[in-house]
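Got a structure for you, questions after.
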Amino acid sequence: MELTSNIIIIIGTVFMLFGAIGILKFRSFSLRVLIISKIDTVGAVTVVIGVALRHGISFFTLRVLLLLGILLVVNPMVTHIITRTAHVSGYNLEEDRGQDDT
Amino acid sequence: MQYILWPMLAFLLLYIGMAVRGPSMWDRMLGMNLASTKVILIILMVASLQDMGFLLDYAIIYALSGFIGTLFITMFWGTRKRREKEKRDGTDQ
Amino acid sequence: MNPIEVAAIVVFLISFYGLITGKKMIKAVVYMVLMQSAVIVFFLSIGFQSGTVPPMGAYLEYAEHIADPLPQALMITAIVVGVAVTTINITMLMAFFRKHPTTDWDEARKKSMEKEGAATLPNLESQS
Amino acid sequence: MIPNPMLYAILALWVFGAVCILRERRNVRVMIYLFIFSLLTSLAYFLLGSPDTAMAEAAIGAFTTIFFIVCFEKYEALKVDGPQPEESPAEKRPVGAWLKRVVAPLLFTAVIGALMLYFSPGGEVVDHLKSQYLTQFAQDVGGENAVTAIYLGYRVYDTLFEALLLVVTVLAVAHMSYSTSLQSTKQKRYLKPSVVEIAVVRAIAVVILLFGVYLIVNGHITAGGGFQGGLFIAAFFVCRFLIHNIHDLPVYKLLRLEEVVFASSVLIAVFVIFLGMTYHLPAEHLPMFQGVYMVIMNFMIGMKVACGFTILFYRYVTIERR
């Protein structure tokens, strides 16, 4: 069980590494949001599941599962809110060349 | 398994760099959110390594307060940009 | 000397420098928040060793290094006091903006001097 | 066990955040940096072994950012609507001004820093008080959390005066600010939340409320307590504002409630701690009585902090923002 959880945690970290490469590679907001909203959530959820497997059936796992639920809801939600607000308030997502709008 | 903390720290550094450097404000907000997720994972790993369940309450608090703060910053900046846009288009009542 | 203390002192000095040279009023309140965080980190680092556990739960029996609970209890108080100070500062700032729309310390001083001068000069003349 | 280099790396990031705030000129970015800085501060507290303080800082960081945002937003609105400050022509600064503005403060700061580093204590810490607190608190005050035991038992004076300070702050903000009208008018909403956002924030608000109650009730056993739980109950009202756009919360009834709760918490502390009620009880009833006392005190403090921060938030967002 220890080994399985370690492998799952490392897989999650590798997922997040892909997200980091995407962040470094693309400069525009729309592409970044497209990449990171999926990959980062998947990586975080995988790491949390690995930690939950590590502790078996206990109160620790219960709290970890609560945290998992919150992450699963909150993380895509924040991305949705940021992107939608950017679109509604006039940020041009189609011709996005990484412009500075401050 | 404590070496898993170091890649998390590297990601945290990267996303804080994104929040500081990112060209538009929306990039900064995104980087802020991602950095807070990484911090949650760091807390989770620390709690798991020390086998202390009550430290996870702190991770949950961190997630929720980061959510509220990000929501409010987004609302503020979006409202301002929207108002400017409506003034520009002449559709503001 | 502890590296944590050095970091806290460095942040304190950075915000102190900003406080005495900065021109914006909102930034002054931000620097006060920063100074407060630095002071709290300084206090929490007292007696810190590697592998310190929090002073609660069933770990008190066998844990090797336990954090000092007294600074923590005092610092919870200090955090709430700090947010009270911040709130009062922001309220005063907003009342000030309503009178003079400026964020610059120099400009604010100039404007308030002008207003005071206009209010006090006739009185002085009538007294003499 | 957290390795020490990790803690140092996070402290280095923390210092970097302070430098960013120092060097940034635009206010909006300062808000984002401040939020990141407070999150990193909270993480540093956590790694230094005090989750109570870290919880309070994490919740307060969000509230502080909200207050700063309201202040900045109001300034921007006034600058657009009100009289524009006249542009002063860029005059050439003499060398003396630069010396006065940069070099002298730098020297002053450096001297103070050298003095602080020279006089900073370091070395071995004498911890008689620490060992006494850690060994005695379970009998003296009760509970399993030494921090809660200290701020509800040994040092209840501090907590009461801090509560008084918060009450005075709320009164000052509610009565002494510039905008004197108590009735808030409904403003135009430029951004309407989407359906998904409304549904999710409504669900998260319930989670926040339940979690705040959990923190208050469990405060004497695990990390948490009155302040943190109260802040979370106030965050519940923030969520309600965000989705329903409520503007007519009865702020003055909440203010009365806060005063009543504060007075009753002072009374309870006086009866239990200062009059020494615990000495007159039989020994077998003592742990239950202590548990009840700590839960009730945490609940009172939590109610008070929740009322105070709800009032502050609604005052800022609905009345001061106009």
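Order as written gives the chain letters A, B, C and D; numbering starts at 1 within each chain.
Criterion: a contact is a pair of C-beta atoms (placed from the backbone, for glycine too) under 8 Å apart; a residue touches a chain by one contact, two chains touch by 3 or more.
Just so we're clear, the structure is a prediction, and the values are computed from it rather than from any experiment.
**Q** Could you tell me between which two chains the number of C-beta pairs in contact is largest?
**A** Pair with the most C-beta pairs in contact: C-D.
**Q** Roughly how far is chain A from chain B, centre to centre by C-alpha average, rounded to an integer in Å?
**A** Those two chain centres are 11 Å apart.
**Q** CA centre of chain A versus CA centre of chain D: separation in Å?
**A** Whole-Å distance between the two chain centres: 28.
**Q** Centroid of chain B to centroid of chain D, CA atoms only: how many Å?
**A** Roughly 19 Å, centre to centre.
**Q** How many angstrom lie between the centres of chain A and chain C, each centre taken as the mean Cα position?
**A** Result: the chain centres lie 34 Å from each other.
**Q** Would you give the residues of chain A that are in contact with at least 2 other chains, written as numbers and ranges?
**A** 70, 74, 77, 81, 85, 88-89, 102
**Q** Which positions in chain C are in touch with at least two other chains?
**A** 53-54, 56-57
**Q** Could you list the positions in chain B whose residues touch two or more of the other chains?
**A** Residues 25, 29, 50, 54-55, 57, 60, 64, 67, 71, 75, 77-80, 82.
**Q** Could you run through all the chain pairs that touch each other?
**A** Final set of chain pairs in contact is A-B, A-D, B-C, B-D, C-D.
**Q** Please output the residues of chain B touching chain D within their complex, sorted ascending.
**A** 2, 5-6, 9, 12-13, 16, 19-20, 25, 28-29, 32, 35-36, 39, 42-43, 46, 49-50, 54-55, 57-58, 60-62, 64-69, 71-73, 75-80, 82-83, 86, 93
**Q** Considering the complex alone, what residue numbers of chain C touch chain B?
**A** Touch list, chain C to chain B: 53-54, 56-57, 59.
**Q** Which of the residues in chain B end up touching chain A in this complex?
**A** It comes out as residues 1, 4, 7-8, 10-11, 14-15, 18, 22-27, 29-30, 33-34, 37, 40-41, 44-45, 47-48, 51, 53, 56-57, 59-60, 63-64, 67, 70-71, 74-75, 77-82, 84-85.
**Q** Quick check on the complex: what are the chain D residues that touch chain C?
**A** 1-4, 7-8, 11-12, 14-15, 18-19, 21-22, 27, 30, 34, 37-38, 41, 44-45, 48-53, 56-57, 60, 63-64, 67-68, 70-72, 74-75, 78-79, 82-83, 85, 101-102, 105-106, 108-109, 112-113, 116-117, 120-122, 125, 127, 129-130, 133-134, 137, 144-151, 155, 158-159, 162, 165-166, 169, 172-173, 176-179, 221-223, 225, 227, 305, 312, 316, 320
**Q** Spell out the residues on chain D that touch chain A in their complex, using ranges where they run on.
**A** Per the stated touch rule, the residues are 26, 28-29, 191, 194, 196-197, 200, 203-204, 207.
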